[in-house]
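Right, I'll just put the structure down here and ask away after.
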Amino acid sequence: MSRLDVTEKIIATKVAKGLKWSDVAREVGLSKEWVTAACLGQMTLDAGQAAVIARLFDLSEAEARWLQVVPYKGSLPTSVPTDPLIYRFHELVSVYGTTFKELIHEEFGDGIMSAIDFRMDLQREPDPKGDRVSITMSGKFLPYKTY
Amino acid sequence: MSRLDVTEKIIATKVAKGLKWSDVAREVGLSKEWVTAACLGQMTLDAGQAAVIARLFDLSEAEARWLQVVPYKGSLPTSVPTDPLIYRFHELVSVYGTTFKELIHEEFGDGIMSAIDFRMDLQREPDPKGDRVSITMSGKFLPYKTY
Amino acid sequence: MSRLDVTEKIIATKVAKGLKWSDVAREVGLSKEWVTAACLGQMTLDAGQAAVIARLFDLSEAEARWLQVVPYKGSLPTSVPTDPLIYRFHELVSVYGTTFKELIHEEFGDGIMSAIDFRMDLQREPDPKGDRVSITMSGKFLPYKTY
Amino acid sequence: MSRLDVTEKIIATKVAKGLKWSDVAREVGLSKEWVTAACLGQMTLDAGQAAVIARLFDLSEAEARWLQVVPYKGSLPTSVPTDPLIYRFHELVSVYGTTFKELIHEEFGDGIMSAIDFRMDLQREPDPKGDRVSITMSGKFLPYKTY
Amino acid sequence: MSRLDVTEKIIATKVAKGLKWSDVAREVGLSKEWVTAACLGQMTLDAGQAAVIARLFDLSEAEARWLQVVPYKGSLPTSVPTDPLIYRFHELVSVYGTTFKELIHEEFGDGIMSAIDFRMDLQREPDPKGDRVSITMSGKFLPYKTY
Amino acid sequence: MSRLDVTEKIIATKVAKGLKWSDVAREVGLSKEWVTAACLGQMTLDAGQAAVIARLFDLSEAEARWLQVVPYKGSLPTSVPTDPLIYRFHELVSVYGTTFKELIHEEFGDGIMSAIDFRMDLQREPDPKGDRVSITMSGKFLPYKTY
Amino acid sequence: MSRLDVTEKIIATKVAKGLKWSDVAREVGLSKEWVTAACLGQMTLDAGQAAVIARLFDLSEAEARWLQVVPYKGSLPTSVPTDPLIYRFHELVSVYGTTFKELIHEEFGDGIMSAIDFRMDLQREPDPKGDRVSITMSGKFLPYKTY
Amino acid sequence: MSRLDVTEKIIATKVAKGLKWSDVAREVGLSKEWVTAACLGQMTLDAGQAAVIARLFDLSEAEARWLQVVPYKGSLPTSVPTDPLIYRFHELVSVYGTTFKELIHEEFGDGIMSAIDFRMDLQREPDPKGDRVSITMSGKFLPYKTY
Amino acid sequence: MSRLDVTEKIIATKVAKGLKWSDVAREVGLSKEWVTAACLGQMTLDAGQAAVIARLFDLSEAEARWLQVVPYKGSLPTSVPTDPLIYRFHELVSVYGTTFKELIHEEFGDGIMSAIDFRMDLQREPDPKGDRVSITMSGKFLPYKTY
Amino acid sequence: MSRLDVTEKIIATKVAKGLKWSDVAREVGLSKEWVTAACLGQMTLDAGQAAVIARLFDLSEAEARWLQVVPYKGSLPTSVPTDPLIYRFHELVSVYGTTFKELIHEEFGDGIMSAIDFRMDLQREPDPKGDRVSITMSGKFLPYKTY
């Protein structure tokens, strides 16, 4: 058994029971973004969170234990994703990559936006011309320092 | 001469004259995100916008004309970027890729967030534990349809 | 169980029962292009469509449910396809890629042809020198906008 | 001097003189699709066609001679294109690749759609919900034969 | 079950029964080159040919049916083959690729040698200094046409 | 100066003077296949051959000397060629690779067809249904030996 | 002019003048590790540091200005380095990668060792069996957090 | 059975029994760095070490024997790792690779730091601004020699 | 069953029974280099050799038959090997590749060292400063010829 | 100026003056293998050696200085070499890679053959069936140690 097996069981159970990530997140008491990432094998749960997930997805005790182990992260099978929805994000990095770099450096100096001390929020943004996906990302700025 | 030559001249002139992207954007009258991307060779300017850029960056008439030609997009030299700041965005797509996919489909059904009918806003988010980079993205949801 | 398992079962059942995609499409009441793509794991079916496919391909209820889940798209094992028929399409993109770009921009300005709000039709085109494959693609033009 | 140099000169001259591909094609007396591909270094011109292109783009006699040499084809810098417009075509091959294969084989048996004995036509398709790009491709079916 | 399973069974049965491809080809009544390629999962058999193969390799009816389905072609696990015998052919394309191109264009103009309307013959060529492998390939020339 | 510079000069001179490879080969007194490969930077000429090439292509003495240096071989910019004519040969290796292997081993045992002790001949094969490209390859069989 | 040009000039000047990185670092007043990385185009200097480097390496004012611009980082031409000294570090990541992961998670929980809030020190470690390279790295632990 | 199977069993048993690498190392009587690497399939154990590991992880005699076989090393699924913690080490090699090279050559001349005659030590470094990961590496310097 | 299965069984049996390659080679009556390569799936055995291997490694008759089939060669999972011992050979080709080329051409003219008509011998070379690995390779020189 | 420029000048001068590596080595007083590798940009020369090379190849003082700088090693443009002579060595690593590993470990235990403390000798081996290339490699065995 491995974390991947547990992830696949969670996904299959979700399909079989018709669960929704937002409901799962409410049960866990955290954001739907973090909880979904955790269920998809990208985050580490504590014992209490794992117990909720185990209950919702009919996991065994051994499977619940795997949820508390730090996973090998990376959710995609290829470095350039083939799935159109995910590719659009890859494209944004490709097209706007140097723009992100210039504007963050202009505002903060040399450093990065942390992808660890990071949170995000994904919402529907109603729009008469067609609703929009709105994503707000917040990552701590980490400066390079001299030494 | 090519668009790439014009981009390189813009970058070199920015360094030489000490310009700031936010000031350039103000002159153009558009967001700093779009204007920076355009100056970096990713967007197409109209005649008026090109004239402003030409004035600020000492471009010739021929160079200004290239700004109005649709560029071959993609700002990065490798598909997995080596620059740490840009890599963190690549990592977010890698770690959260399937999460984006699950949550957008849960909310909207099958389709994508457009990377074309798209806008974004990058701000400093003051925080006592260290200021944060805040990025808000908004892309139209485009549904797959049966036919 | 995963969507891939269901796709493989559909393909194996098609071989075993000698079904034709055009007949399957007629039963579903949609184009053969969309229905084939859906059966091959690239599109999402609604409950009614899934029920038809389940009947034709002897799928279980659990398998039918997977047809209604948005799949991870991309039907090819390598980014440059080895199969000669599919490679010819890759070659068309390679040889005519910049031509598509120039002509669409000349007609519409900066933007793309949507691969989401998209439909296509594939027909036999009789020809005394040898019949031809005729493919008509129609995708909504999506303009880049300033912001 | 090489064909690539001539292609780059044609593109630069087009920007400088503000030419349109459809006008160039009319002068040559062939479709805009073939003429654009030829100007972009993908097709071989005969002496008469080369003379027209040379006149329109101010090419020297030596440059015009290169237009009559069969080029090394392939117009893209990477096998997975980064440009969003061209990527959408790559995505169509990725998502619909197996669908093309199934439907062509179902209609014609084993073989391919020729990418050589091939023509295409790209048009604006007016639509109240937003105009569309319409592309019609026609390629001779070439059957595999036993021997 | 898939075509790959059938190919693997054919190979294993060949080893177990000590069959020779030239004998198999004689039974089918076609060249050893085509028949071997077909048995290795690269060509499509008709019902009669499949029946012969099924008899020789102890295939079930279901397996024989797979032989009549057009396979996803490409027989090698990597694009640059590691096997020394097959690599030598890759090397010939690498070293002589531009020579093939120059000489075919010099003789025929712009176009290709078809890999579909194609046949080949592989023979032992006795030679006092060591016998040689002789391969004769014949492919229809397909010209690019203007349109 | 390098061999590549000499190759490029030969190609440019060929275009400028309208030379034909078959005429060049006749002057050298060897096959058009070997002479073309040599001119394209893949073979090593002796002093006499280099003198002929130098005369025909207006090479300097220094350039002629480079023709007598063993070149770094490999004529293609990418391991999977984008040019359609050359790709067809890559495809033949991909589709028929395992067939070559099986038939050569069946006839000769374990070993390879040499790509060094090798010659080939490319001819037009008249055919009422369309002329064909005929290529005959002959390579010495080299057996693996035990030791 | 670009940062890469300045880096190349620094390297060439170092060879020409026979400078040592440790002496350069002493002049700047920072560690040899940070100063070398900065001179090699990986870090951003402030005005005072740039002035010292400009003096030592005979840089123009324009070149010194480039040292104060945040560079596009990544110092290697390929993702798997060919240079034996640098490859050994790549090998350590390959062999010990999962060990780093297990031990850091065991000590700290889920998170990473920062490569930004990072410093290192490289020293000669005398040893009778042959002196050793000793490298001490210190990076802030950054924990993943729930949200 | 293979070494990989044994590694996977060790990892699964560690999760099931809640073992800690530092405790395992204490039992073996060696550093936690070496013992963890060995358990993860990167080092070779002697009979006594294997017996300890077998006892702690409930391995069979056959499994213990595999621990004494030299493994095929390399612990990562891709050459550029997707896991954020491991990627940071890849990034350090990318950003500091040429710096390592310059400083080691400046101190020792041409040669490498051995990755074989190598040891390392990973510790928590308490820090009021947030604890740090401290890694000390020591590798024998191996000089290139003339011959 | 495939040759790979037989190779894996041989390796597992070697671990289980504690066999040594040099002893196996003595039983076969050939060099340890050839016999090891054959057992690892890279060479073809005759009936007598296969019988010896079958006896030593407890192979079935069917498995022994696979040893007499020419295998698909190439023993490594990636083209750049991750294993440190094997990587050092890759590095020698990378660092000394052009040196091999220059010196062999200087001595023999244009051609190659055969990797087929090839033998090698690996020995321990005692040395007071630490024993050395000594490898002697001998391959027939094969000259390119004109035609 | 860079080391690469000096290497290219050495190669061009060798062609122009018709020098031989073995004569160059005799002048330097070291083996032809080491001297050739050094001239091709893979090894570091001391002042005396550089002076000899500078005299033979008409290098300037600045160029001679570059010969004394440790180069970024790796002599091949691609990780899988296209040149047939060099590829044969790549093939030997691919086919015999696991054999090298097994036999060295059987003789020495876990560790590697050093590619740094390494020397080699390349000789013509006369043979009535065709002369052979004989290469003797000697590298110190470096054992992995526990810690």
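When the chains are written out, they are named A, B, C, D, E, F, G, H, I and J in that same order, and each has its own residue count from 1.
By our rule, contacts are C-beta pairs under 8 Å (C-beta built on N, C-alpha and C of every residue); 3 or more make two chains touch, one makes a residue touch a chain.
Protein names from UniProt, one per chain: A, B, C, D, E, F, G, H, I, J = Cyanate hydratase.
Note that this is a predicted model, so its numbers are computed, not measured.
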Set of chains whose contacts include both chain G and chain E: I, J
Selected interface, C-E versus A-D, where C-beta contact pairs are more numerous: C-E
Copies chain J and chain F - interface residue numbers shared by over half, same or different: different
Chain A and chain E, separation of their C-alpha mean positions in angstrom: 47
Centre distance in Å when chain G and chain I are each reduced to the mean of their C-alpha atoms: 41
Rounded Å distance, chain D centre to chain H centre (Cα mean): 53
Whole-Å gap separating chain A and chain H, where each centre is the average of the chain's CA atoms: 29
Junction residues of chain A - those touching two or more other chains: 33, 72-74, 76, 79-84, 91, 94-95, 98, 101, 105, 111-112, 114-116, 142
Chain-to-chain touches, reported pairwise for every pair that qualifies: A-B, A-C, A-D, A-G, A-H, B-C, B-D, B-G, B-H, C-D, C-E, C-F, D-E, D-F, E-F, E-I, E-J, F-I, F-J, G-H, G-I, G-J, H-I, H-J, I-J
Chain H residues within the chain B interface of the complex: 80, 82, 84, 87, 91, 94-95
Interfacial residue positions of chain I with respect to chain F in the complex: 30-31, 33-34, 43-44, 49, 70, 72, 98, 101, 105, 109-112, 114, 116-117, 119, 142-147
Residues on chain B engaged by chain D in the complex (per definition of touch): 1-2, 62, 65-66, 69, 72-74, 76, 79, 115-116
List of chain G residues in touch with chain H within their complex: 20-22, 32-33, 36-37, 40, 42, 73-76, 79-81, 83-86, 88-108, 111-115, 118, 120, 122, 124-125, 127, 129-142
Residue ranges of chain E touching chain I (in the complex, touch as defined): 8, 11-12, 15-16, 18, 78, 80-84
